[in-house]
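Handing you this structure, nothing more for now.
The letters A, B, C and D name the chains in turn, as written, and every chain counts its residues from 1.
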C-alpha cells in the first residue's frame, strides 16, 4: 500500500508535461487510487472510481483533447507566487493533521457517532448485507436524491452547451464516419460483438446484486454507459444513435429522477414520510427492500442515460 | 515515528491536494486546470476514505464471522461525490470545448489578450 | 504465497509506471497504461485473497472491462486526432 | 489431493508473478515500441491467466471460482485484442519496427 502511495506521488510530480501524456497518466492515477480504495476497505467506492474515474472521465478528456490543442504552451508567468501559496496552504493543512486521530484508530471520533448505529441496526431495519447500499439508499436517501438531481442537471447543462450547434457538424457526421482503422478492424468488431452482451448482463448483475455485494445503481449505470461507449467507439456514432437515440436518453434520464422522487412520494401517500420505504409493503423490511430496489433502478437509469448522452455530445463534436 | 506512520495517509492526501491546487492556479491551459481539479477531488476522496478505515476492520458488507468493519458513512459520501465529480468534469470540459470554439484557444493568457482590445 | 504474488504484481506496476513516464512515443504510454490496468486487476484479485474476503472480484472484472474500453478509446481518438488538430479528419478518414 | 492442488496453485502463482516481472523488465529494457509490445502483450495475458488460475485453485468451487473464470475469459479476450489494435494503430500512425538492429528483432505481436 505504501508503495502505491509512493507511486502516486511520483505521478503527481511528473505529470507536468504534454497534455496527452497528462491524460494517460491521469488514467493510471485513477486506477491507482481505486486500488488504494480497495486496500482501505472501500470496495463500493473503488468500484465507482474504477468505472467513472478511469473509464468515463479519461474518455471525455481524450475527446476534449482531440477537439482542442494537444500541447500546452510553455510561457507561464510567475510560478513562484502560486508555489508559495500552495506551500503555505499545505503547511497549514499538515499542521492541522497533527491533531487528527492516527490512521486506522478505532477510537477516532468519526467512528463513535452514527456509524455504529448503521452497522448494528441496519440488519434489523433494512435487512441488507451491504451497509453502504442501505445507508446510501435509505438512511441518506435525501442526499442521494440530491446527487441524482445534480447529475441530471449536469447532463442538461452539457446538452445546452454542446447540443445547440449541430448544423455545422452535421455534414461531417454522416460522411466522415466509418473511415478510420479502428472502424475497419475486424478483430475489434467481432470481439466487441461478443463482449457487449456480457457487459450489459454484468451491468444488470451489478444493479441488482448491489444489495448483497459491492455495486448498485451508480456503478451499474456507469457500466451500462461504458458498454454503449464501447459500441460507439467501434461501430460509429450513427449506429449507436440508432440503438439508443438521444431523445430516448433524454426521456430516460428524467424518468430515473422521477422514479426516485416518485418512490419518495409513494411513501407519503402510503402514510409515512418522504422516502420512507417501510410503509410500501406489509412488512417494513420488505418495504425497505422494494424501495431500495426501485430507487437504485432510478439512479441506474439516470446515470446511464446521462453518461451516454454526454458521451454522444462529445463524440458528435469530434467528428 | 509513530506519528509519521499514523498520519502518512493524510499527508499524502494533502500533498496530492496541493499538487492539484498548484496545477489549477499556476497553469494557463484550461484542460490542464480540469485535470488539476480532478486530482484535487481524488485527494479529497482519499482523505475521507482513510478517515473511515479501521485498523483490522473489513469492508462494510455484513458477513458471518466478521466482527470489525470500516466506517460505511464516508464510503457513501464519496460514492456519490465521485459520480457528481465526473458530472462536474463533463460540464467543465464542455465549457472548454465551447471556449475553444469561440476563441480558438484554451490558453488563459491568449483568451485574456483577445478580450482586452475590445 | 499471496504476498509473493502481490509483490511481483507491484514490482511490475512500478516498471510499467516508469515506462509510462519515459515513453518516447504515445503508443508506449498507451501500452504501459494497458499493462498497468491488467496488473491492477491482478492486484485487486490477489489482495482479496490476502485479506481473507475474496468476494469482491466484481471490481476486478470492472477494471478489466474499463481498461479495454479506455485502450480502444485512446486508439480511436488518437487516430482521429492524428499528429495535429482534429478538425481535418473527414477526408483522412475516408482515404483509409 | 488437496496438497497437490495447493502446491500446483503455488507454482501457478509464482510462475505468473515471474512472468509479470519479466514482462515489466521487458517493457522497460527493449529498444523500440514493437519489441516492447511483444514483451508486454505476451507475458501480460499469460501472467494474468496463471495468477488467476492459481487463485481459483485456492478458492475451491463456488461463486468466487466462477468469477475468476470470467475474469480469465475476459482478459484472454481483451488482452490480445488490445495488443493487436495497438500494433495496428502504431503501424498506421507511421511507427516502423526496428528492422536493421538484429535478425530476430522484427516483432510480430
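By our rule, a residue touches a chain if its C-beta (ideal position, glycine included) is under 8 Å from a C-beta of that chain, and two chains touch if they have at least 3 such contacts.
Here the structure is a predicted model, which means the values were calculated and not measured.
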item	value
Pair of chains joined by more contacts [C-beta pairs], B-C or A-C	A-C
Length of the line joining the C-alpha centres of chain B and chain C, rounded to whole Å	21
Chain A and chain D, separation of their C-alpha mean positions in angstrom	29
Length of the line joining the C-alpha centres of chain C and chain D, rounded to whole Å	13
Residues within chain D bordering two or more other chains	74, 78, 81, 85, 89, 92
Shared interface positions of chain C, touching two or more other chains	13-14, 30, 32, 55-56, 58, 61, 65, 67-68, 72, 75, 78-79
In chain B, residues with contacts to at least two other chains	58-59, 61, 63
Every chain pair in contact, whichever chains are involved	A-B, A-C, A-D, B-C, C-D
Complex interface listing, chain C residues touching chain A	10, 13-14, 17, 20-21, 23, 26, 29-30, 32-33, 36-37, 40, 43-44, 47-48, 55-56, 58-59, 61-63, 65-70, 72-81, 84-86, 89-90, 92-96
Residue ranges of chain A touching chain B (in the complex, touch as defined)	2, 5, 8-9, 12-13, 15-16, 19, 22-23, 26, 29-30, 33, 36-37, 40-45, 48-49, 52-53, 56-57, 60-61, 63-65, 67-69, 72-73, 75-77, 79, 82-83, 85-87, 89-90, 93-94, 97-98, 100, 102-106, 108, 110-111, 114-115, 118-119, 123, 129-132, 135-136, 140, 143-144, 147, 150-151, 154-155, 157-158, 161-162, 212-214, 218, 222, 303, 306, 310, 313-314, 317
In the complex with chain D, residue positions of chain C that touch it	1-2, 4-5, 7-9, 11-16, 18-19, 25, 27-28, 30-32, 34-35, 38-39, 41-42, 45-46, 49, 54-55, 57-58, 60-61, 64-65, 67-68, 71-72, 75, 78-79
Residue ranges of chain D in contact with chain C within the complex	10, 13-14, 16-18, 20-21, 23-25, 27-28, 33, 36-37, 40, 44, 47-48, 51-52, 54-55, 58-59, 63-64, 67-68, 70-71, 74-75, 78-79, 81-83, 85-86, 89-90, 92-93, 95
Chain C-facing residues of chain A, complex	3-4, 7, 10-11, 14, 20-21, 24-25, 27-28, 31-32, 34-35, 38-39, 43, 46-47, 50-51, 54-55, 58-59, 62-63, 65-67, 69-70, 172, 175-182, 184, 188, 195, 199, 202, 206, 209, 213-215, 219, 223, 226, 229-230, 233-234, 318-319
